[in-house]
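Input: structures, listed below.
The following pair of complexes shares a single chain, chain A, combined with chain B in the former and chain C in the latter.
Right after this comes the complex of A and B.
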């Protein structure tokens, strides 16, 4: 089908609009991050700083005790530890869970799946108080471990559901064939199902890391100093002082986006799907 | 030993009985074909032998070992799936070598064995391709290659040719028959195609609704079908059937009104179903001797054969259409009146009101 010219123009205009809506705030964030605070508060507003400066980045990245950089760098470290541990644990648990939901029979299993979704839908506010009490009683407040556990409970339903829907698309013959070939169920999953589901695994890891990386609510409530504060909380702290340094906050925002972007760059190849085609007739 | 024995094997899904007490004994090295209409339970039965499906009751023995409690991976059976079920992320070589990897072979041994099989199946030039780069026939061969990797004594094939086009199917059929001869392995083959069954099988198992209707050699089933279902299922084109009855002396009254003596098991005034294969009907020069008379509805000239559909509108029953396969070229056209009979009385098939074959004396030699 050949699209008419008007249709083409409309599609490109729409795409342009969407790209603008997404890109402009990021661009503005970047401009703010290279402006001095005086520039940002002058009227009328200047769209581009007279003297672009990377001072904000320097003050965040060069470590100094009791400075914004300490808070920021520890925040990055804590976020990396927490996001990756929570993602790893939840993927490890989600694979067998998703396989069982996808492949093994039983009406009770189905109900459990809906329970999983129901838990995922629960607003964090509803369970934060009991969780806080539990963590406090266990002496886990302000530790990585507390946030890893809490994030796992958020990530697990999500990754399980995502992997389950992908496993559903893999023909059943493909887990029966390895069993006939002498593999046990775990080997069938390891050698056949997981390699085929690699794009979905990549997507699940990516989304889980992002979800954990961006989490703010539990991070804010369960941590109180640089030992466990995550990056989102650290950035918020920059704004919480007597004077909010918008340039510094913007630079922190840009830098905080770097690890997920790097991850996405390396996982790009994995995310490209289409592996399952050709396994069965065609 | 690689015989397969089933003793009163049943399978139920909830209240639905899929396999209803199957007893079967398959000899070492035999090629047995399970055939039947879709939903008859033939694939389920195969999966029960493989271990992919649990049995509800009964016993399965491979050789002299009872296996129905063993998982599929411990039964040492190979299987070719209808969908081929090739591993899409592995090359042809890795696909064939996978069962050996699971059996803990060394890399070098796996490579050597996979190449040996690739050589037999003419796959060596495709060894480094992935399944999606192969044609249907090549994928089929890889699936067979993977099944052969462990030198299995028993190979199960679940409609392996149903995804291939007609020409390729004939080739693969011959190739499978050759492999069976060379390997001497016991093969169980599921198909709904009775031509595949007739051409490949040492013995055919005809299934309907989870029950074995008949077990026998292809010709045995063709010549002596145990009941009307088997008679209708085996043979192409299908056997003609019509309702009839016998007179006081036990002769069968044909639609033309002609009374024919068929065997010595027909009692007086019995309701019957008469069966006649299209290829056994011949033109009858003397209309007085004809069993069937009618007008030609359609003619198909194939050169080697002439297929005629005959509408018999006289006598009892009032209306039947009969398919006839006449050898060679027969000059008939639509609307012609034809008279038919069967030369050899042995080629009539009689079934009682329950569809069970009325034995016509000694069974014909297969």
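Right after this comes the complex of A and C.
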């Protein structure tokens, strides 16, 4: 009895500690974002602004030429375009590939699958130099197109693998039946597999968008102004700026985090099972 | 005949993926190997390149700065992944217990994970700020520190502070993976062990750990591969400084190729990184094959 009470206390203390560790840094980022820059540079530091203000958010969200708002809003726009196009392109190529790996296996294709997974894990520095010189020679630096193509090197192996593991769980008879009746493979994928795999497809799209939204290395190297800079690059620029307005930087961070955080919470179950699928036997 | 048609169909369905992967990864990787054997410069790399054989590699492996970057990366990987594993498992054990607020707490784990890496780096950079940062303010106000410190400006602490920021973001990944594995362990196993007189410690080592070891080892290798690539967080928090104390290999390659424009030697550094990663990736492949994932 006494032991179980001690255990209970330990559990709640642990839970409290964990909640604090997770929440406090983000909460502080939010408090900074609603503080004025003079308030944040007053010593000793106060933990709550005298006059909370959403001025930082306003100055980011109301467009003005050559201001932080321009690079921020263009960054959001560019990231949305690039993340969705790269995800779309990857999914279109990944669906037939995943089907082929799952339903029409062969020893050489199995090795190919391993190669695809290995490529997904390669450090980007392994391929960035030729990609840069090719994009530069083709005049594609600082375009959405360049990043859409390059992001496929991350998203395509990942989505192929994710979809393949899911297709494996769909009984084979389901798509063999229409094929015996004379349908072709693409029809079987479209009419039989995809409707069943819709949740997995949703998870793959979401994870791919999250990966693309988070990408920084290629974005940094392949873009140089607001026409193509992604939101991560815009944030890094802002954080490294000469005029350090901590409140403004924090507000930009909060805003850039909102889409992925909302998406992840919204699809918590799929995200967790997606993460686990790479590590727990499905 | 039918099996021949099946093989053709199989490869046809793979074609779009193969074309894209060869274009964006396969060909560039081979070209990197070629560059690494030349003295190519970033401006007009193909015109000015001179074949230099293995010179770049010889120079890389005898460069104390590059070896230092490998050491920083190894240190970063070992400490951050080690801490993430220990904290992750502890958190998973906690969340495997029944208590009020457990669902909420598990949902909170998503927050650091979903926060963009660059935003995480920027957030901690602000917290560590030497003049106005919250960490200094907190430690001084509760009396644990006499005067403000430059956490990221001091070579003695910079890398550890970057690691702390990385651990905060990534321990939830390990926790969620470990938790998913823990939930597959049958409860009566613990009850039986308790009846047999096994203590908490014994139950952890004999039942819990063996049950989650498989997924956990995959998480370990996966995180280590990621840690060896580390770039974003270093770029935003310290740009490799102070005094190169946080310069990791990815950052080193980035500087060599894009700041000093030396594509040839940059490529040779990159391939040494690839070689190290390849060993880890091979380990990962071995683990997932053993567990029958693919």
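One rule holds in what follows: the second predicted complex is superposed on the first by the 233 of 282 C-alpha atoms of A that agree within 3 Å, B and C clash if a C-alpha of one lies under 4 Å from a C-alpha of the other, contacts with A are read in each partner's own complex, and residues count from 1 in each chain.
We take it that a contact is a pair of C-beta atoms (placed from the backbone, for glycine too) under 8 Å apart; a residue touches a chain by one contact, two chains touch by 3 or more.
Being a predicted model, the structure only gives us computed values, none of them experimental.
Student: Give the label of whichever partner, chain B or chain C, reaches more residues of chain A.
Tutor: Of the two chains, more chain A residues are contacted by C.
Student: Of the partners chain B and chain C, which touch A:249 in the superposed model: first, second, both, neither?
Tutor: In the superposition, A:249 touches chain C alone.
Student: According to the stated criteria, A:264 is in contact with first (chain B), second (chain C), both, or neither; which is it?
Tutor: A:264 contacts chain C only, not chain B.
Student: Could you look at A:192 and tell me whether it touches chain B, chain C, both or neither (first, second, both, neither)?
Tutor: first
Student: Based on the A-chain superposition described above, do chain B and chain C contact any of the same residues on chain A, and if so which?
Tutor: Common to the two interfaces on chain A: residues 275-276, 278-282.
Student: Enumerate the contact residues on chain B facing chain A in the complex.
Tutor: So the residues of chain B in touch with chain A come to 50, 52, 71-73, 77-79, 81-89, 98-99, 101-103, 130-134, 136, 139, 146, 149-150, 163.
Student: Using the touch definition from the top, list the residues of chain A that touch chain C in their complex.
Tutor: Its residues touching chain C are 8, 11-12, 14-15, 18-19, 21-23, 25-26, 28-29, 32, 40-41, 43-45, 89, 92-94, 96-97, 99-101, 104, 106, 109-110, 112-114, 116-119, 121-134, 149-150, 152-153, 156-157, 160-161, 165, 185, 210, 213-214, 216-217, 220-221, 231-232, 235-236, 239-240, 246, 249-250, 253, 256-257, 260-261, 263-265, 268, 271-273, 275-276, 278-282.
Student: Looking at the complex, which residues from chain C come into contact with chain A?
Tutor: It is residues 6-7, 9-11, 13-14, 16-18, 20-21, 23-29, 31-32, 35, 42, 45-46, 90-91, 94, 97, 99, 101-102, 105, 107-119, 121-127, 129, 131-132, 134, 137, 140-141, 168, 172-173, 176-177, 180-181, 184, 214-216, 218-219, 222, 225, 228-229, 231-232, 235-236, 249-250, 253-254, 257-258, 263, 266-267, 269-271, 273-274, 277-278, 281, 284-285, 288, 291-294 of chain C that touch chain A.
Student: Could you please specify the touching residues of chain A with respect to chain B in the complex?
Tutor: Contact set of chain A toward chain B: 171, 173-174, 176-184, 187, 191-192, 195-196, 198, 275-282.
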